[in-house]
Amino acid sequence: MLKVTGIPTTEDVAGVTPPIERLEKGPCAVIECYQKIPCNPCATSCPFGAIVRDNDINELPVIDWEICTGCAICVVNCPGLAIFTVDLSKPGKAMIKLPYEYLPLPQVGEIVDAVDRGGEVVGEAKITKVQEGKAFDRTRLVWLEVPREQAMIVRHFRQKE
Amino acid sequence: MKNKAEVVIIGGGVIGCSIAYHLAANGMKDVVVLEKEYLASGATGRCGAGVRQQWGTEMNCRLSSGSARDFENMNEELEYEGDIEFIQGGYLLVAYTEHQVEQFRKNVALQNSLGIKSKFLTPLEAQEIVPHLNIDPLLAATFHDKDGHANPFHVTQAYANAARRLGVQINTYTTVLGIKREGDKVTGVITDRGEISAPIVVNAAGGYADVVAKMAGVNVPTYSERHQILVTEPVEAMQGPMVMSFHHNTYCQQTPHGSFLMGLGENVEPSHEIRGSWQFLKEMSDKITEMLPPLRHLRIVRQWAGLYHMSPDKTPILGGTEELQGFQMAVGFSGHGFMIAPMTGRLMAANILGLDHKDKDILATLNIERFAKGELFVEPSVV
Amino acid sequence: MEHREIVVVGGGPAGLCAALQAARLGAKVLLLEGDDRLGGQLIKQTHMFFGSEKQHAGTRGVDISAMLVKELKSMDNVEIRTNAMVIGRYDDGALTVDENDEFKLIYPEKVVFATGASEKMLMFANNDLPGVYGAGAVQTLMNVFGVMPAKKVLMVGAGNIGLIVSYQLMQAGVEIAAILDAGPQIGGYLVHASKIRRAGVPILTRHSVKEAIGTDMVEAAVITQLDESWQPIEGTEKTIECDAICLAVGLSPFADLFWQAGCEMKFIPELGGHVPSRDENMETSIEGIYLAGDVGGIEEASAAMVEGYLAGLNAAVSLGYGLAEAEGLRADLKDQLNDLRSGPVGDKIRSGLAKLQDD
Amino acid sequence: MSNKEYDNTIICRCEDITRGELHRWIDQGVTNLEELKRLSRATMGPCQGRTCRQLILQEIAARTGVPISEAIIPSYRQPLRGVTLGAIADMKLDEEEKPHEK
């Protein structure tokens, strides 16, 4: 249970997973924010107005997956590092963008261990891009390529020794 | 809490507990002590802890030297499981004016005549005892190696524990609200926890002795004033005796723990106020860095204040009063109640129980009636 | 002896904002900070802040501090003194200050005490072994002085501080053996917990440290599971290798100056301990003494900043500054505080504040 | 925590007071911190109780059953941090600002 272990349950994740048809169209943000805390940078940073936090900054964010372009601006702006993008538009593969604040940074093309929400290695992933920029404010956006069935499982990676 | 006792003592400071113990030790066990907070929470626990015998009046010399003998044997006499920490490091009294030198000569003569082996010293001799003493402005000093200090909290605790073992009932967190009297006789005490009837009520209320006297309808010429103390961080032992200057109105000692503790007689209005002031810090620092210059490097870690309960001749008022039968007083200690608490307890007990005591004449002399008769005993040597 | 209009004591988030707001309205402000630099805990916060844009959400704490300090330093009516610790408050209104080992006296017309909080300690065997740290000390070593405090840390406390400091340690290359919490649930934000958990760090609720092991310094820790009444369950002891035990077991308001001043104090566990009573304008029971931030109740830095603005505003207004804009500003700041506190994680602070109003 | 092995745990680091020692005082009836500090020196060391005061208050509350909200809280005396006698003596005051001499 999330409140005891820090690991969201399958039900938690199911509640924030976009429809598969949407993900097949291209990248889309998955907001893994399950607790009402006073926070709204996801909503205010979204250039498309796809994320709404109602009038109350404590309400959970609500995303309109049809408006979301998967640009990942919210990913690097979320103080909780709780937003990812998932893209199932390529056959057999899933592209995941995740926020990353550790050093050293992985290299493009590097094969890393793919890690799930509980910190367990579940396979391998390929780094396809490492983005940084002024607007990113020192949070890097790392693009991972994983098998399609792990699209909603892999949320971290570990560089091989 | 009992509702009836032979003696009720108001005040759980060192005086009240000493009287309670000596009453019980002499057979009077039906005694109740009332304390509005915890034992030694008032003037006792806030005092400078000094125990000296170098006084300027016969009364104070006798009270203090008798008490010092008690302090020497107190752990054993009271079978105290702790330690009252009586350390005889001496008192060095320093004189800066010819007038003081003159007084000191008289004092030493008086003290010596009473068996107190104090000595008159030159500034250089004084510096041998306290090497960091600034002797530039110094004219003379007196020293008595049997003076020293004890832990007021432990002394009070020692008396209280011994008294309890003998059957005395001590009620802390019990506030006296009034004193009952019938005509010119005292009949009991009203507290926030009920009433106690008693033919004898002892006022040992320290800084609040005036308030208690007023409750009984008895006039006392005493009043309270704030005295402040500061303590520094502990350092290696470097000062044996208490250093005291009537010129600066200060005293300063190094405690067994290593901290320096110092206090000052300030010019304050009578009150029961015990909140600290920065003015004290300033005046104290100014004076002590002049007297004992190396202390300027020590850090002050804490300051606090307590009450001196002053009598007009700076000498305590002991015993009963013609105004109210059964009302006994041990008040007006003027800042040196702690060091004469042992003798005070002995004499008050003897007085209440009608027993003989070789120093019982002191009681007659220090009775409240002395003010009406104009027979004051002005103590010249008080900070 | 100096006489001043408004003195703000403490240069953390609350104090910086109090000084800023009072100065923006035109008051002459003296800001006193005991440390050698401004920013308080902000300068150790390398993570992005929560809250809304008005409290600089999404910006890292250290950058918020720099922004606030920059604005303060640009103002003519603000004097900033560091290494100037207020060490006493007396009944005549005087503050005594230890400024670079000089002793000074300052009489403010109005004062805002924004003195923050101190870390709570935990009792366990050998807790005086070198290597047992408070989380704040670890953060200072790492993020202020660039010193790595250990190689493998056992973190005690899964509140926001325990979680954030764990994350920062991991960023610095330090391994976190585990994060323990005596409570049945993680107390900090779950997004923090999740990001640490997915990096492989176990979070053990209902666990506590029983003993530190080591001769000259920490070499391991014995941890134990706790039952529902918070008592250790015998036989559940486990030894965890680590060279540091980091305690993040809560904060106590650092309210000494209010006690010294004689302000009315109340014990409110939800606010972290004894805190001064105050009105809605952040003024205590003694006229002219205001408070802001953790010293009035342990909360997030975002709330501390808003309280700072509010205290600074009211102190300035009480001297006649900013009367025209006061009402609007005040209403906005109160709305911000309400927003920050209105959700479920604000339950504790809301009930604490409600108790404060009860007499 | 009620185990025996906790008895040697230091509760006041500056003055080296253990939990066991604290419990002995409490069991003897010294149940408030004000009294305790005078008897044992707990909270009177260099940190002036800033590390241990809360712990001791909790420990007393747990052992006596009297909640901290009803506890007697010792005064927070000046100064908050040690300051030298020399620094204070060196502070210059104008004549009218000086404390009055007796």
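Order as written gives the chain letters A, B, C and D; numbering starts at 1 within each chain.
Note that a residue touches a chain if its C-beta (ideal position, glycine included) is under 8 Å from a C-beta of that chain, and two chains touch if they have at least 3 such contacts.
Just so it is clear, the model here is predicted, and its values are computed rather than measured.
Chain closest to the overall centre, judged by the mean of its C-alpha atoms against the mean of all protein C-alpha atoms: D. Centroids built from CA atoms put chain D at 22 Å from chain C.
For the pair chain A and chain C, the distance between mean C-alpha positions equals 31 Å. Annotation: 45 Å between the Cα-based centres of chain B and chain C. Chain A and chain B have Cα centroids lying 75 Å from one another. Looking at chain A, no residue sits in touch with two or more other chains. Within chain D, the positions touching two or more other chains are listed as 75, 77-79, 83-84, 88, 91, 93. Contacts with at least two other chains are made by residues 276-278, 281 of chain B.
Pairwise, the chains that touch each other are A-C, B-C, B-D, C-D. Residue ranges of chain B in contact with chain C, taken from their complex: 275-278, 281. Every residue of chain B that touches chain D in the complex is listed here, in rising order: 38-41, 45, 82, 153-154, 157, 232-233, 249, 257, 265-267, 276-286, 288-289, 295-304.
Chain D meets chain B in the complex at residues 32, 34-35, 38-39, 41, 44, 46, 48, 75, 77-79, 82-86, 88-89, 91, 93, 98-102.
Within the complex, the chain A residues that touch chain C are 2-8, 32-41, 44-45, 56-59, 77-82, 101-103, 115-119, 137-139, 155-156, 158.
Across the interface of their complex, chain C is touched by residues 1-3, 5-6, 8-11, 13, 19, 50-52, 54-55, 59, 68-69, 71, 73, 75-81, 83-84, 87-88, 90-91, 93-94, 97 of chain D.
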